[in-house]
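Presented below are the structures under discussion, each in the form of structure tokens.
Two complexes come next, and they have one chain in common, chain A, joined by chain B in the first and chain C in the second.
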Partner chain A sequence: MNNPLVAIVEPGFFVNGPVHVALAIGGGAALISAVVGVFTVMRGQSFAGHALADVSSAGGSASLLFGIRPLVGFLVMAAIAAGGMEIIGARQVRERDLVTGVVLGAGLGLTALFLYLDATMTSASGAANTVMFGSMFAIAPSTVPLAVIVGVVALIMSGILYRPLLLVAIDPDLAAIRGVKVRWIGLAHLLVLAMAVALSAMTIGAILSTALLIGPAAAALRLASRPSWAIAIAATIGLTATWGGILLAYDSFYWTPGHGWPVSFFVVVIVFASYMVAGPTGTALARRRAAALPAPALVD
Partner chain B sequence: MFSSFMVNTWIVASIVAATAGLVGFFVVVRGASFAAHALPLSTFPGAAAAALIGTNEIFGLVVFAGLGVIGIDVLSRRGRPEVATALTLVMLLGLGTLFLSQTREYSQEVYSLLFGQVLGISAADVGPITVVSALAAGGVLLLFRPLLLGSVSQDLAQAHGAVPRQVDLEFLVILAMASAVAVPVVGALLVFSLLVGPAAAARNLTDRPGVAMVLSMAISLITVWVAIALSYVTNWPVGFFVGGFGVVSYGVGHRARVLITLPHSARTLLQSRQ
Partner chain C sequence: MVWHNTLTLHRAKVLHGAAWLCVALAVVAVCGQAATAATEPTIIKVVGIENEYANVAQQIGGRYVSVSAIETNPNVDPHTFEASPKIVHQIAAAALVVVNGIGYDGWADKIIAAVPNPQRKVINVQHLLHLPDTTRNPHLWYDPKTMPAVARAVADDLAAMAPAHAAYFRANVLAFDASLQPWTTAIAAFKARYAGTPVAVTEPVGNYLLQAMGADIETPFSLQAAIMNGTDPSPQDVATQNALFRDHKIKIFVYNQQVTDPLTQSFLNLARKNGIPVVGVYETMPAPGYTYQSWMLAEVQALRNAVTTKTSTLSLLNGRH
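Up next is the complex of A and B:
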């Protein structure tokens, strides 16, 4: 037992089936959430992102009732919510928040009903816990191909959307003048967002998927001034948080015998810590960048 | 439905609904929907923590609502407010999952805390809930002018000597109190519907703030009463009915607004043609 790695990685980590599935789907979810998250934070749509994730829980809980794959459930409901928000969609930020809120309330009401029916009509006990807070180690291996397809489609769409979405995020009016269909780009963004939150909801849970969507992106935007760098940094933070969280949760079975600590908890803590560290680091970086530039002429 | 064990539920639900309607009016005019969603949800781990260490549930809820306010306030000093809200929310919920994982008998509780439970109110809860609700309502009445001014124009509010940051913080505290007491009745996820739905409808029906506040309280009360009655009859969760009613009242309010303003705008259109 002199190997220091054993102290960090408890035995069996790399040969465990559920761990493999968790690493794959969790990693994919983190990657896509980070990419989409950067645009979401830049456009000031954190609330919309969170609302989509929450509403997707209605799909997750309905899937248990109808016996379809949870990922399909999460995905369909998130897409419906994205469409709903865009249709009612209002231009003013304040009105937009209100519409988001009303859609969110309706979705959560449905979740409440489906979870109640889950508990009474099927033998799915603890469904509320699974849907809301995730079940990283209980994902069916058969979900992996579908998750990969969703992930690849989301990444390709983000690639296509990269330039127009960036323009819309920075200045919607300018984008409209330059011939960008702002409304369609907005809807496409919400759809990619729906795919990202559906994948995250599978792993760390519907109401916690916001952590992977907003946290890494917000931290990265404090560090990088270029969007492409921000995306790269966000992806790194997201992957670190998810894989680190899975590792720590696996280890925690050995800390408190009998019941491990939830993956979601560790993921959130790592994401939160990186956001907190990114603040001062970003300020220091900006100062160094400013110092490297030639001093501006003093005006007054 | 009106038997003795339901009396506490009716009393508490009415207090909670009136407070939510009152505070909700400012949620809507100030555009604070995300905070109104995040604060109730952040209180949820408080109940889990209270169950773990065996203290009063309301106490745990209020403490975590306080943590939510501190988190949002401190983080939004250095970053975007909505990012601050999102991160505070997930951090507290993350703690919640940790607390839940340490107990085994809790999974039924999770459901009723998130989505509400009619029968969950004991006689011991009535006192604390009344006091906290009264504090929230008192806060709203005391800060009525700065709260309203800030929502119309920050500059105007500043000219009248209000400090926007301070008013924001005071409003968060009021919102946190209203949220904490509503959680045991309608559930952490759907307190939000009660805060936004009735107030949004009321705002569409009238432009006068005082009337809108009263209207919002009335719609909120009706929503909760009907939701509890339906929940009692069908055994379905209260939250489902509250959420559904939120959408219906928003939709009706929106229609009504069109109907109210339509004759007016038609008349101005005609006048401009002449």
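Up next is the complex of A and C:
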């Protein structure tokens, strides 16, 4: 074969069942996380996003206890946390962080309880590892349809929310004057956030799902000046990180004979690397844009 | 090889790390009582960490021992066991403790060390069988060579503690060895007729028995280790395992009832879809209703039924499925 891909893709990658499932669910999770992530970063709710993910781990660990699908567990718990945070929610950033932190602590406490019960009452093995750090190649193929539904609903909701949410993200007061129901938009955003978080918790784990939510969006917002571009760039980075991570994890099986490295590790490394590269690149772009304008030169 | 084992040990450490805080507190509480517990026992207190060892110790010690087991719940994965203050007390009060070793019940070694008692005897099955720490598969009780050696060691230790009853203990060893006969005969019969039978497993729990029966374990060991240790399985291994079911390359699927996750569940579904008989195996002796011997014999019969009549025996507890 003269395919240049063969050099980087180890044999069997494209015909491997678990890889197909990982590519589908991981890709969907990356896409939605990127879209939702841009709004989350713009609204300064990164911590809330992280908290939702941590709280969703309680659902993931409880699902093993009750024998329901992990995705359902993650989703229900993230949605409850989203609703809870919005109800107790405060408008001031400082207070909001406090509420978020308290909810996060309570959620992780529940996770500790459920993981303990998983270990002492059921035959569930490796629950802590799977719930917290993900196990993409162990996702049951039967989860794909549900994941697709969640993903599509999240994308449609993001599309509907796009304009009002953008306005709320940039200037909540102006949005309120223009007749936007800020509170409802906020709640809808948190619900979409919950869906994104549940999907990525399924793939790279509850603790690490923040990386997929915040990382690509943060990098994209350093590069792009328009939200639509930021979303496109974030989606590209997220997909590259997830699919690249899956590919590297697959290849790593041949680096250390008989053992693959964890997918989540590679995904997070690629996200981190893109953020690091985006910093200087973004600064250079901004400088060029500034230079093109007939404005006073920036002083370093 | 070393890699798998360090993983097991490492995981055990991580999981039990948190439990140690409370165990340490409990040790302080029971230390005082430990010294008085072992003086001149009329009934010797024995603890088998896993209930299969407790069962054998009971059969050897008979009316002169009171035996308790710690790992007894067939619905729980002993790999993720967490010790409690009550267990510390149990071990502190015991004159004889039987542990498996190979990191499988490493927490018990720590409790034994934390509650020192010069009179207490400890049988570490790994050391008894002269197995290195790098042994990949810790599920020693499925090996037909294991329990006869354990029975003899138990009898020796009990005889040292109660010399008056030495003859009684030795007679029980002979009776125990004789009672293993139906099992060893069934293993030999299976091997004679069905050696080379290809099987898939989730986890290495029953592997020593399967090897003794001459079965070929087709599942990659790295996948078994990943499931046992709860680490990320590699997609290559999962695909290999899936193909075993889809292409009907195996005749039996040996399913560990005590180490399960969504992945093992998906293998179970694949086995059912492809009409491959499933046989359930256990980390601890399924109770009630079994002795070590009858449990082992039931496993061999279930495996034989799987080959001859394609019958599944998913659970040894709830009748045949």
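Definition applied: the second predicted complex is superposed on the first by the 289 of 300 C-alpha atoms of A that agree within 3 Å, B and C clash if a C-alpha of one lies under 4 Å from a C-alpha of the other, contacts with A are read in each partner's own complex, and residues count from 1 in each chain.
Just so it is clear, a contact is a pair of C-beta atoms (placed from the backbone, for glycine too) under 8 Å apart; a residue touches a chain by one contact, two chains touch by 3 or more.
All of these numbers come straight from a predicted model, not from anything done at the bench.
When the two complexes are overlaid on their common chain A, residue A:116 makes contact with chain B and with chain C alike. By the touch criterion defined above, A:18 reaches chain C but does not reach chain B. By the touch criterion stated above, A:262 is placed in contact with chain B and with chain C alike. When the two structures are aligned on the shared chain, A:275 is found in touch with chain B, with no touch to chain C. Judged by the touch definition given at the top, the superposed model places A:54 against chain B, while chain C stays out of reach.
For chain A, the partner with contacts to more residues, out of chain B and chain C, is B.
Shared-chain residue A:137: touches chain C; no touch with chain B.
In the superposition on chain A, contact is made by A:253 with chain C only, not with chain B. Once chain A of one complex is fitted onto chain A of the other, the partner contacts of A:74 are absent, as it touches neither chain B nor chain C. After overlaying the two complexes on the shared chain, residue contacts for A:46 are found with chain B alone; chain C is out of touch. Note: residues 116, 119, 125-126, 128-129, 259-262, 264 of chain A belong to the chain B contact set and to the chain C contact set alike, using the contact criterion stated above.
Every residue of chain C that touches chain A in the complex is listed here, in rising order: 3, 15, 75-77, 79-82, 220-222, 227-236, 238-239, 242, 257-263, 265-266.
Chain A meets chain C in the complex at residues 12, 16-19, 22, 64, 70, 116, 119-130, 135-142, 249-250, 253, 258-264. Against chain A, in their complex, chain B makes its touches with residues 28, 31, 33-34, 36-37, 41, 78-80, 82-83, 85-87, 89-91, 93-98, 100-102, 104, 107, 110-111, 114-116, 187, 189-190, 192-193, 196-197, 200, 236-237, 239-244, 246-247, 250. For chain A in complex with chain B, the touching residues are 41, 44, 46-47, 49-51, 54, 93-94, 97-98, 100-102, 104-113, 115-116, 119, 125-126, 128-129, 132-133, 205, 207-208, 210-211, 214-215, 218, 222, 256, 259-262, 264-265, 267-269, 271-272, 275, 279.
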